[in-house]
Amino acid sequence: MANANATDGSAPEALDPERLVWMYTQMYRIREFEERVKSTFTEHPGILRGHTHLADGAEASIVGSVAALAPGDQIVTTYRCHGYPIALGTDTKRMMAEIYGKEGGLCGGLGGSMHLYDVDRGFLGGSGIVAQAIPHATGAAWAAQIRRQGQVVVCFFGDGASKQGAFHESLNIASLWKLPIVYVMENNRYQASTRTDQEDANAASGEPLSTKAKAYSMEGVTVDGADPVAVHATLADALARARSGTGPTLVESLVYRLSAHGNLIAPPGVPLNYPEHEAIAIFGNRDEYEAALRGDPVPRFRHQLVTEGTLSAADADAIEQAAREEIDEAQRFALDSPWPAPDSGLAYVYA
Amino acid sequence: MAGGGTGDPGGGAGDPGGGAEDPGGGALDAAAAERLLATMWRIRAFEERLEPLKRSSMVHGLTHLSIGQEAVAAGVCTQLRDDEPVYSNHRANGHALAKGVDMGKLLAELMGRADGCCRGLGGSMHVVDVAHGFLGATGVVGGNLPFAVGSALASRLLGRARPAVVFFGDGAAQTGIFAETVNLASLWQVPVVFVCENNGFAEFTPRSAHTRVERVSDLAAPFCVAARTVDGNDVVEVHGAFADALSQARAGSGPYLLECLTHRLSGHYVGDPGGYRAALEDEAWRARDPIARLVRQAAAAGWFDAEHARAAEAAARDEVEAAVAFALGSPFPDPSIPAELTYARS
Amino acid sequence: MSHVIPYIAAIQEAIREEMERDERVLYFGQNMATSPEDPFLKQFGPDRVRVTPISETAEIGMATGAAVAGYRPVVELYMAEFLLVATDQVVNEGTRFHFMSKGAVSVPMVMVAGYGFTAGWAGQHTGSIYGMFMGVPGLKVALPSTPADAKGLMTTAIRDDNPVLFFQNYLLLLEEGEVPDGEHAVPFGVADVKRSGSDLTLVATGYAVHTALGAAESLARRGVSVEVIDPRTIAPLDVDTILSSVARTGHLVLVDQATRHSSVAAVIAAEVAELGFSSLEAPISMVTALDSSIAYSKPVEEFVLPDEHKVVRAVEASLGLAPASS
């Protein structure tokens, strides 16, 4: 269960240049992967079925978090789950094939976009139902507490999930039992197509959503999720607290998803595609969306690294070119992979 | 609401409320103190009589007693009008009596008789009396919380602005439905008073095994809800705190959480072995018996004297005996009624 | 060799023995292990035995997460209706993981829930709701009727690599019976013939097995030979044993505490109608609870539930016998 690409995570120390470049590389790979998933809807219509959720805009939060993990740590996520395994080192060919429903996919096409697993890398999957993986992560943290090997579980979910009973029940127990877990709420301001201030008492009152931690006598902190270095530092603190047995932390990571909640929901026959972001499509707020685009964390981090001299523009270009080639290959693999045998699922109904 | 009606107790918008009295809030006077005493004695006498009835199987099923907690039911429910609904839980007897449910019909219900307020179909955990705004008890912890929010919301939509009250125990605060409900009540600023009877035990388990959060009222602020914790064995304090909450709710404010610290003097249900409570000193709590305490407070304030208190007890016990006679005289219901009640007829 | 213990003690014995055998077995839930004198807590310690708040979604979800992470949790849910508070976690999370991950993940966990407390617990705590869960792929459902089966099915449930719903009947908790000494595992999907007979097949589940046996006994006094079959697990369901019995008797009566349209009886009736129709000499008959909530009041409660008398009447009708004078 080693995370091949993770640090030893022992202390929240400064990130060295090599690590910073690694982080940018992962962010770019995630962006490239998600854009390729998105373009599949128009370039290869009919391949993608069901509902697909993209992490573009959240790359800094994802990579900053994963970079703080230690070997053996585990993560549990939502259905918006493509970014984490990429940063953990999961084969993007098998990921793309899974999302395309092919036999060569991580789960042979039985799971699809919302149900990726890579247990060997500590990626325990998630749930397609809002908030319902929060208790799973909490149970995995209980397992880690019993096992006493210093493992921590990081549980990712969205702002909408914090209004679910599963959130309330799980955080209370995690605090009560001082479980080794970090709850990372990626607050992207929209619960599907509902603005957070339309559904959350804290948001409506102008409070950060990390306020919710107080209801569980738990540490709560809000961080700029567009800044991977800040996220890394916050997670490193929270992981250290969890590892030492001091208790869990609720981290609110402020992100802005750059795509709509998911692809169009439509009956068969209607071409699926990605609608415009809800800020524009529903609220007519083009200014908000364009401001978010200007704050896009991927070019922002490249600019920061290049300006600081950590990364040359040429090296950055090379990283991006390599990512494009990797995802080209992943897509070719996925397209070429055969469809699974129609009865291939029956063997997996029961373990 | 055409064809409905169970969610719409009492009269229309201009109706001052169908109750015999409209006590309102405010400071306690002699009449209000006497009413609190009478209510607490009615609950106490009823439940003390229930125990032998249960043990002799006249009352079957599960019966949760609230002996020692009477001050909360009395301090809250006696201030409400019939069209201000109360949602109760599995420990419903005290709430029902204080809200005006007829004692004979309540006991008949607990004995499964045809003259029970639900014709014997509901029993102790499922008492409903629409006319008195007692909109029901539910047997699943936390399950009643959203009903009160929906009820107050409906009342607001109907232009009546009647607050709703929901009783819950400290155990319910750890259920997911609590968080979902309180968030929405806060977000929509619905006039609901959440009354927590914190008796230190969720069913059989002490609070320390349930949460690290010290007080249930500590949960309110993270949901942007106002809250207060009072001594739930002091009926004067409960009455005053609830009067404040009620007047704000009637004026259209948002939700409020009133936590009443109290103590069950009996087990979770009749017959509960109670071994888990061995460490608790019931004697210390008996000294804080809410009835005896009110009698002392009344003497100091000149509300009523000890003789009046004895008379209130005697009257309550007489009422209970009359209720027993009524319930015993009631037949069992026709067994075939489920067919007629499984679905409502439109 | 065997020993005589109550049904509930048999379940506890299985959990204790499995916890001794396999340190990955965890046991937690509401209202348990609150005293330091609790025997499970004393024997296995607070890592493996814990009381939880009233938080069903978290309890079942945490069992799922701990199972994915390598443990084998047993969750004590107290009353079957409390499963409904967390329905997503019961039917739509852990049950799917093995399939969706193409076997990369498995979820060995047991949910223990009491059902059918038809002793005045009224509308919300008396249901026999197991039928709702028997069609959930990935979920196994055990429904023991005797202490021996209770122990043996719990042992198997804990060793199974899938989510298992273990329904214990509240009215049977203190019923004593012989339990084999030593390790005792009852395989899933294997029905048990509780009484052999040649005239008619009675299939009953859980508590209703005792109703069926009582009826069979009274019918035997009249010379009617009734076979009583207990499927013991309803997912997987042993249809073959039922079919072969019906092939011999030609008559089938099904007894079930559940409401008629959410009963195991209805599923068995459909299977036999499709696969064993040519064996049938009379229509299949189902003696179930009425499709009604359970009332608090005793006579009304009894009215909606199956009882021996109703079973005897159904058997008489199937065999064309004159009703016994009662």
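In this document, chain identifiers A, B and C correspond to the written order of the chains, with residue numbering beginning at 1 in each.
Everything below uses one rule, namely that a residue touches a chain if its C-beta (ideal position, glycine included) is under 8 Å from a C-beta of that chain, and two chains touch if they have at least 3 such contacts.
The model shown is predicted, which means the values in this text are computed figures rather than measured ones.
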item: Contact-richer chain pair (by C-beta pairs counted) among A-C and A-B; value: A-C
item: Most centrally placed chain, judged by C-alpha centres; value: C
item: Farthest chain (mean CA position) relative to chain A; value: B
item: Chain B and chain C: spacing of chain centres that average the CA atoms, whole Å; value: 37
item: Where chain A and chain C are represented by their mean Cα positions, the distance between them in whole Å; value: 41
item: Separation of chain A from chain B, taking each centre as the mean of its C-alpha atoms, in whole Å; value: 46
item: Two or more partner chains touched - positions in chain A; value: 165-166, 169, 172, 176
item: Numbers and ranges of chain B residues touching at least 2 other chains; value: 174-177, 209-211
item: Sites on chain C at which at least two other chains make contact; value: 53, 55-58
item: Residues of chain A defined as touching chain B within the complex; value: 163-169, 172, 175-176, 199-202, 204-205, 207, 211-217
item: Partner chain C, residues of chain B touching it in the complex; value: 60-62, 109, 112-113, 116, 118-126, 138-143, 171-172, 174-177, 202-206, 209-211, 275-276, 332-333, 335-339, 342
item: Interface residues, chain C side, partner chain A - complex; value: 26, 47-48, 50, 52-53, 55-71, 73, 88-89, 92-93, 96-108, 137-138, 140, 161-162
item: Chain B-touching residues of chain C, taken from the complex the two chains share; value: 30-31, 34-35, 51, 53-58, 81-82, 85, 119-125, 290-293, 295-300, 302-304
item: Touching residues on chain B, where the partner in the complex is chain A; value: 174-180, 182-183, 186-187, 209-214, 218-219, 221-225
